[in-house]
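By letter and in written order, the chains are A, B, C and D; residue numbering begins at 1 in each of them.
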């Protein structure tokens, strides 16, 4: 039986570990603040003292960390992953990091004989709890094939995209479309309002037609009331737009709609909505009263 | 029992009439080319010689005509609707026309004692056949309330939006968002391709996430192969973007993403894609080989 | 000796007539409010009672009227130009009107045996007084050739552009570039300010480099202080952008920068700057304090 | 009498040194390829063996180097500037480098007791030869005041902008406006062409109005013929747009027109115009034949 490791048991990681445990897997965990581990320990997980101890104890170690800085720290600290990894061990990084960060960690692990899979996810807290994440995997194909059962209990879909870096890139492309769609939707709400149409009717029509999607259904009613409770902060969405545009610059792909949406998101940041949900772009698109 | 009239039994009208007949309604029809009436006559409809004869024979007359010119002709020709309408008769125009056209027809009918409901639809041939249209109604509320049963067999959703003109405006707002979303989606496909990601994987991720919608699911696979079989012609989509931007101009609502998408659609028109599906905007967004 | 007629002795016309008189020409004038004629009468002009009387008395009649509505009224009113024009008489319309208006007036005059030259100007009050206008002429070439001496005293440059309508189109193209340049300049001022650079220094650099132009030199210092004294109202500039974009739509020319600038100008209109100078686009481009 | 040093005697540096010599100054030079020094030696300059020797021999040393990499190399190589600089010596870097590069060199020099002035220029080969450059200075004000006579013979204008980094930023802001203006101008040329107006007439009107500027006058006639002889490569212009937009991102300044122009420039890069003049953006803005 495979032993799984898991470093980072926060908002996302907690749900993922619970899903692994629920299906009878053995999981060794570590978290910076140990108290965050309580729920998963209650559900059967074992706690290790350091990230390095996790990788020693486990066959396959997942990581779900908040940002590139923490991902690099966990990998390269004295008692971290790279120092402890050995031949055959697999490290699966689900954190959202940039292509360079991912490549750097992967190279260090491979140099020590380990195997590396980049696996950022599409989905947030709720999908993590419900086992409905989408895994955007890239790197070592052998890991991807071996961990299919684990990915299947944590997510509804897993894709293998090629060499390390492809997962990070795919996440940018998808989030770029998300930012453009959200701004386009905000323009629709605003034009409906400005031309004396009911915003509720607009949402109803959208929700019954070819453009009906979970995002509009979820966020539309709040937006129409000028409410933007944070699920994905606007500053992170705008950062992803910026990085996607930078990727476009690198590969010579012009992206005029994303560029226009990005400027609207920037305007929203400047207007004080950086920490609101990214749907708050509506607040600056909308014509003032 | 109510007798329905129906003028315009083309691609859309045929399916709508068949659905009315299927549920046991009595329908009197007229079409410019009489041979188009064969299917509905076989299914039980009666044919009248002129639009005027339809309105005389029916309590409620629907119209589904190709464009504003034809809608105006059918209304104002010697043997047309306005000449024959009388007190209490209801005319429901489902054609996609602009606000002025709608208002003009409505005023003429009302002046003769008739009642008018503007009711453009969201949806094309297949939804018309399947009774899955969305009716964007505006004008005389009494008609809307009376014809609920008929709208329910032809569509899945009917909204009453207010005074005549609101239906035409709502259609523009929704189609504007559609044009922006399609261009944003084309940018996503293009950036995936240009940055060495599989377009199939991109479609797969989109189809499993918060942005999954029937339009992307339907058109994405063809787009990824550079195929754009016409469902809604690009020139019509771009015309709707232009009219929506003109509406925004009138009500002082800035729409920078729609404006950027509109310029991409214009570029597609200039490049010879006017009669292709509007998803052909992908052909000009995409970086050349 | 040629007798000139002049209908419309307002802000622009006054300076133009004075320049004609100053060089020894005979001028017959008419203005809706007769009191506006005082200065030119003092300088030697004769006043006629109606536009029709002007064209009867003069060989070549210039018009400088505020908008298309007034231009059409002066042409078609009972005692107007078209009713009085006769074989060989020349009518030179310098008003800023759209292509259709120009074409309509031209056709009516030609039908009566008269000759028509469309001649909108580039330049405002000061250039009109200083004889520094640019005439964008189109229509009857014979008039253009005959009136060179008159155009030379009123302007510094006259171009013959082809058939009636070309003058109106050229004016739109030039004003479109003006709107884009102004918005680009406002972005420069704003980025300088937001990144802790002196706006005065920015203006100084601009004024000494390859992009130095009279418009930036004139308006920049006021803009940097948030002052936008009206020379050309923002609502008119934005209208010209809209018409230029409509022209682009008609001829299938995509114009993404003009479209982006137009949305910024629209936002400025919505924010209450419609009657300020068009440089007030700076007020909405600029990041708030 | 002040002794000037000059490292980098290339296209720009050659003209600058000749102007210094012409007015009787003593100049010690160094260049990577020594043969480039011939003209200035003929005119009276002395050659040193290393950058370090220049700074030892001179009171004030100017640098005009091709890019940040070379600027850093000349500063930090074993026989470079930083190793040789001593108390009171002044180093004036006129190279176009980014803010970080400038700051890094400045800090190293200051740490050794030297003084540093960042002084990128606006202007290219011809203005360098003609003494018509604009110096965008920032850093140590005492140097700026002392070298006024030297700046005056090499340029027509010198500005002191504040702390090190301000010169680099100002250059980005100005070049951003340049890229937007050029794209706006290309749209004007294209709309004139597409709507059957003479491009020559358009250039003529532009050249006589409020938007007349040396850049349009210089490049317009070539552009109208589809010729884009390289003065400033499009790839460099687009890079400056990208960096200016990144600066805007950092300081939360939305720049929608620059963003739209940047996408057009990217499209031009993708279409093979990277090494042509930046006016080649016209080639992709323009509607195809």
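The rule is simple: a residue touches a chain if its C-beta (ideal position, glycine included) is under 8 Å from a C-beta of that chain, and two chains touch if they have at least 3 such contacts.
Owing to the predicted nature of the structure, the values given are computational and were not obtained by experimental measurement.
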Chain labels contacting chain B and also chain C: A, D
Degree value of the rotation bringing chain A onto chain C, based on Cα positions, nearest 5: 180
Greatest separation from chain A - chain, by CA centre: C
Approximate Å spacing (C-alpha centroids) for the pair chain B, chain D: 56
Cα-centroid distance, chain C relative to chain D, in whole angstrom: 38
Multi-chain contact sites of chain B, meaning residues that touch two or more partners: 248, 252-256, 259-260, 263-264, 270, 287
Residue ranges of chain B in contact with chain D within the complex: 256, 260, 270-271, 287-288
Residue ranges of chain C touching chain B (in the complex, touch as defined): 242, 246, 248-249, 252-256, 259-260, 262-264, 266-267, 269-270
Of all residues in chain A, those that touch chain B in their complex: 122-123, 134, 136, 156-157, 159, 161-162, 166, 169-170, 173-174, 176-178, 180-181, 183-185, 187-188, 190-192, 194-198, 201-202, 204-206, 208-215, 218, 244, 247-248, 250-261, 263-264, 285, 287
